[in-house]
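Down below are the structures I want you to see.
The following pair of complexes shares a single chain, chain A, combined with chain B in the former and chain C in the latter.
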Partner chain A sequence: MNRSFSWKKGFFLLFLILFVLGFPRLVDAYFLHLAVTFFLAMILASSWDILARTGQVSVGQAGLFGIGAYTAAILFNRIHLSPVLGMVAGAMVSVLVAALLGYLTLRLRGIYFSITTIAFAEALSVIWLMTPGFTGGAMGLSTPPLFGGDRQQAYYLILGILALTVAAVWLIQSTRLNFAFTAIRENEEVANVMGINPTRYKVLAFMVSAFFTGFAGGFYSHYNTYIIPYEVFGLGISIACLVMPIFGGLYTITGPILGTIIVKVIEEYLRVTVSYGHQIAYGLILVLVVLFMPEGVVGLWRNKISPLFRPASR
Partner chain B sequence: MEWADFLQSFANGLLIAGLYAAVTLGLTLVLGVMGIVNFAHGEMVMLGAYNTFWLFTLLGIDPLLSIGLSGLLLFFIGLFIYRFTIRPILNDPPLNQLLLTLGLSIFLQNLAMIFWKTDSRSVITPYSGISLSLGEVHVGLTRLLTFLIAVGLTLLLLLFLYKARPGRAMRAVSENNTASWLIGINVQKTYLLAFGVACALAGAAGALVSTVMYTFPMVGFKLSLKAFCILVLGGLGNIPGALFGSVILGLTESFVGTYVPEGSGWAEGISFILIMIILIIKPTGLVGTRRE
Partner chain C sequence: MNLEFAGAIHESPLRGSAVIPMSLLEVKNLTKHFGGLAAVQGVNFAIGRGEIVSLIGPNGAGKTTIFNLLSGVYTPDQGEVRLDGEDLVGRRPFEICRRGMGRTFQIMQPFPHMTVLENVATSGLFGRAPKASMKKVEEEARELCRWVGLGEKAGMFPRNLPVADQKRIEIARALAIKPKLLLLDEVMSGLTPTETAEAIKLVRQLRERGMTIFLIEHVMKVVMGISDRVIVLHHGEKISEGPPRQVAHDSKVIEAYLGEEMENSEEPSC
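Right after this comes the complex of A and B.
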């Protein structure tokens, strides 16, 4: 990676930050809402990527998302905890569950881990449906609109969480954690011999990933005002979590962000054109990416497109 | 009375186990021969079920007759899928294969939703209501037939694998594909045929599914998860293990349905809980060896 600071990059970043901060003043309520859903999806994508950096491909992020969502909703309905504190609580409960699940599934490699995470999310869905007294069952739970329905405040809150997520990814990428995660992903036995404790780092990655996923869940339940088990524990969310970063480009900061934007635009377009099955894009993207662009959009840019613009005298 | 309850749930569990076995056979074959866990296998079952439903609804073709038709249709769909998606990634890391087949599964689920909406459809034949009584145990005729056909399909597959030349080639390739190549087996062709046969089995299983369950776009995914549970129970990639796993899962679900309060709801979660417990205790599955 090119580490030298360039003015061009600096100005672009500054412009991006100003644009994102001023965005709510520029657009109407619909685009503000769209931006909130995009940021939420970016958080999910980036936090999935954190876990994937240790070689653990989760197909059950919806489990952690749902736990965050329900923790926030239940705490609000039972003890009227303020929504933001509820989201923090949701994130914490997700972290605890992830720590437990992480320790239990440590010995599972590759596909076994993936299957266990699907089973985890689906099992939670069944448990939630069958214990309506506590969880609201199939009817779900509802909460009043977040900040009294003020979307600007919601926008800045989710933007803040997204900034934290990106900061966490940046920290992981620019510290020794990056070497540890990469070594474990490439070859766990070798990493172990090199003095990296795979257990510690794998569970750590799972917990960091769960924190942001759980927080996003808590935010979702308050923002959406209504959650049902089929949705928050559903396959749709788990798939979205993994398709966006894979499409954008794995193990990068910009990949999951870029991937989310493109995938969500496609999905929003399909949502208005077909009444059912707009997730068909997710399936198609997954197949095409694995077959034709395994490094995602970022890899395509780096290897194929950006060399075209480079001066020939190099 | 209680003894009769027990026998009844035992019979129900055994009958549904037949269906589960039919669904799992193809998955086991692909895993055994090619070392790929095909997440889209359930969607092949779903397509077989829809094919049977439409043939029955539009043309009045009996679901039992369309077992062969569904199998044939899915055989060709399988060849197509293998040629254009699976073959290019045969040598990729297992996680790429997982992501690709998962993508196929999501794609087909949503395609089904676009074409046929999310309605639950069922095939009701003139003989759907008939049930046979054996002492105090009552068994629906369709369920019994699906069970017998599932057993028949299993025997047919075993016969194919042990007696027919291409079947024996599949077993050789599953043991060691380099050695098979050395002794003149066309490994690529064997993979192609194995994938096609697995999809044909899924199509046939789908025809059975349409007669005893609702057909809806997610039915394949639900069955896939059950099939994973069976694989984990029975060891990965061997057929006797898959049969054993099917019986265990079928009986467990049935008994939970009978003896636990609100059991039929909880029974839906049994497979997930079993997957987690078994993999956590013994990461290579209950019996059998690790495959990388």
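Right after this comes the complex of A and C.
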């Protein structure tokens, strides 16, 4: 809570903003596409971390992601709703589902909640396969390319959503919500006796998380032009959502962002060298992080690396 | 029972001349079973404003269970709990907290990754109705930390603090909600004699501020020294109630404590 503003930090932030804004002019289509997938993953990672702040580990973010994706695609195919509005609608439907699911399941704790979320995503996948008339079934749904295939516009759109996500995390971190979330995570009974309604704040966190995850899902379906249940409701997405923030550092703004960059770079490298290599990497990263750096990259930097550079006088 | 209570009112030094007869806390026929075990059985008592009442009894008598029933951690099977005239049965802990019930835990449970100040501020932010601004809560939390003797340690993490300081956090946290009634669950056990003396001083200062306190305590010297009234619990039932001296000589109480005269022992046999 004691965060002092420094000029060094300010300049770095300014440079970063100028860099990401000017990025599309500097690179070719491949790197632009890569940046879009990075930003998408950052949104998923950050919004998973929002829920994690209340101590709940969701392993079913793909459910919310898929709902966002399908809402956007279905609305486009049925009523030709503009893609961006479709994404907003996808986010809204995700929030609604999260509110319902959260109200039912967030009384559960720890592993029990996690299991429910896996079941939730898997169940959606099965429902989708059983109702091909409405959802496209195993064949999936397709939409025309977003902005007529203009990747620059897509880049700025997803950057905007990412900025919103980071702003939301920052807001949570600097208001009384931070106290409620942290207290619930650290000891739910005591938090309750201290006047905090645990279910309410957990459902709220889940809804905020669902909003951005659903938004990202909507973006994905239009950007990718094609979605199938196995993929958007798949465990792969749910796991990706949690590996990146855990690697980067939980309950921080920079953790999920930094974690995504590092994990994605490893993933991208392995994708071209070893088939399914990135999935092995996910498992390996999880094990190593849990064993050796429980506070992630951010914690490692704060506790081990940055003290090395501090002037000796302090 | 009513007579006993009326007697206690006259003994309490804080009682003014024109007293509203309604007590702050009224508990009637409080009952809680865990499976076949009657943890608390038909307990009746009342606590008046500004009183300090101790709840004592051998281990397993149901003292902490009563605290858990009062603060909403458990729901009573039967009975009535009224704070300031308002029925609390069936309400959840956070609702009861906002109605003015502050409590500490026997086993200290500070939030480990929050500083002392943040621990205290958290309950101030949420446990109070109506809600106060973050700035105001932070100022008051800082003041509370100073008041309980943690002024210089406000920025530290609880795990780096000794037991006595962790108990201070518990008290400050309970006070941050501005409680009408403060429940203290063995805040003095595990303290050195010096620390106990400081804790007693703290409780006395609270009384001077007009705080109503209900405490569970094992250290008999403390119970005798600060209580207006003592309630004795045994096997989940109230076996005695009254001023400390009277209770200490109650044959039922002595029997419950295996024949030990309580006045002469620091710690009862448990």
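Operating definition for what follows: the second predicted complex is superposed on the first by the 310 of 314 C-alpha atoms of A that agree within 3 Å, B and C clash if a C-alpha of one lies under 4 Å from a C-alpha of the other, contacts with A are read in each partner's own complex, and residues count from 1 in each chain.
One rule holds in what follows: contacts are C-beta pairs under 8 Å (C-beta built on N, C-alpha and C of every residue); 3 or more make two chains touch, one makes a residue touch a chain.
Just so we're clear, the structure is a prediction, and the values are computed from it rather than from any experiment.
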item: Combined model on chain A where chain B meets chain C, clash or fit; value: fit
item: Partner chain(s) touched by A:T175 [first = chain B, second = chain C, both, neither]; value: second
item: Touching partner for A:T116 - first (chain B), second (chain C), both, neither; value: first
item: Greater residue coverage of chain A in the superposed arrangement, chain B or chain C; value: B
item: Partner chain(s) touched by A:I280 [first = chain B, second = chain C, both, neither]; value: first
item: Contacts of A:N197 with chain B and chain C, given as first, second, both or neither; value: second
item: Touched partner set for A:E189, first chain B, second chain C, both or neither; value: second
item: Geometry of the superposed three-chain model: angle at chain A (Cα centres of chain B and chain C, steps of 10 degrees); value: 80
item: Minimum C-alpha spacing, chains overlaid - chain B and chain C, in Å; value: 13
item: Chain C-contacting residues of chain A that also contact chain B; value: none
item: Residue numbers on chain C that touch chain A, as the complex places them; value: 71-73, 92-94, 97-98, 103, 105, 109, 111-114, 118, 121-123, 125-128, 134, 173, 177
item: Residue ranges of chain B in contact with chain A within the complex; value: 37, 85, 88-89, 92, 94-96, 98-100, 102-114, 117-118, 217, 221, 225, 228-229, 232, 262, 265-266, 268-269, 271-273, 275-276, 279-280, 283, 292
item: Chain A residues within the chain C interface of the complex; value: 1, 175-176, 179-180, 182-183, 186-187, 189-198
item: Of chain A, residues touching chain B in the complex; value: 57, 59, 104-105, 107-112, 114-116, 118-120, 122-123, 126-127, 129-130, 235, 239, 242, 246, 274, 276-280, 282-287, 289-291, 294
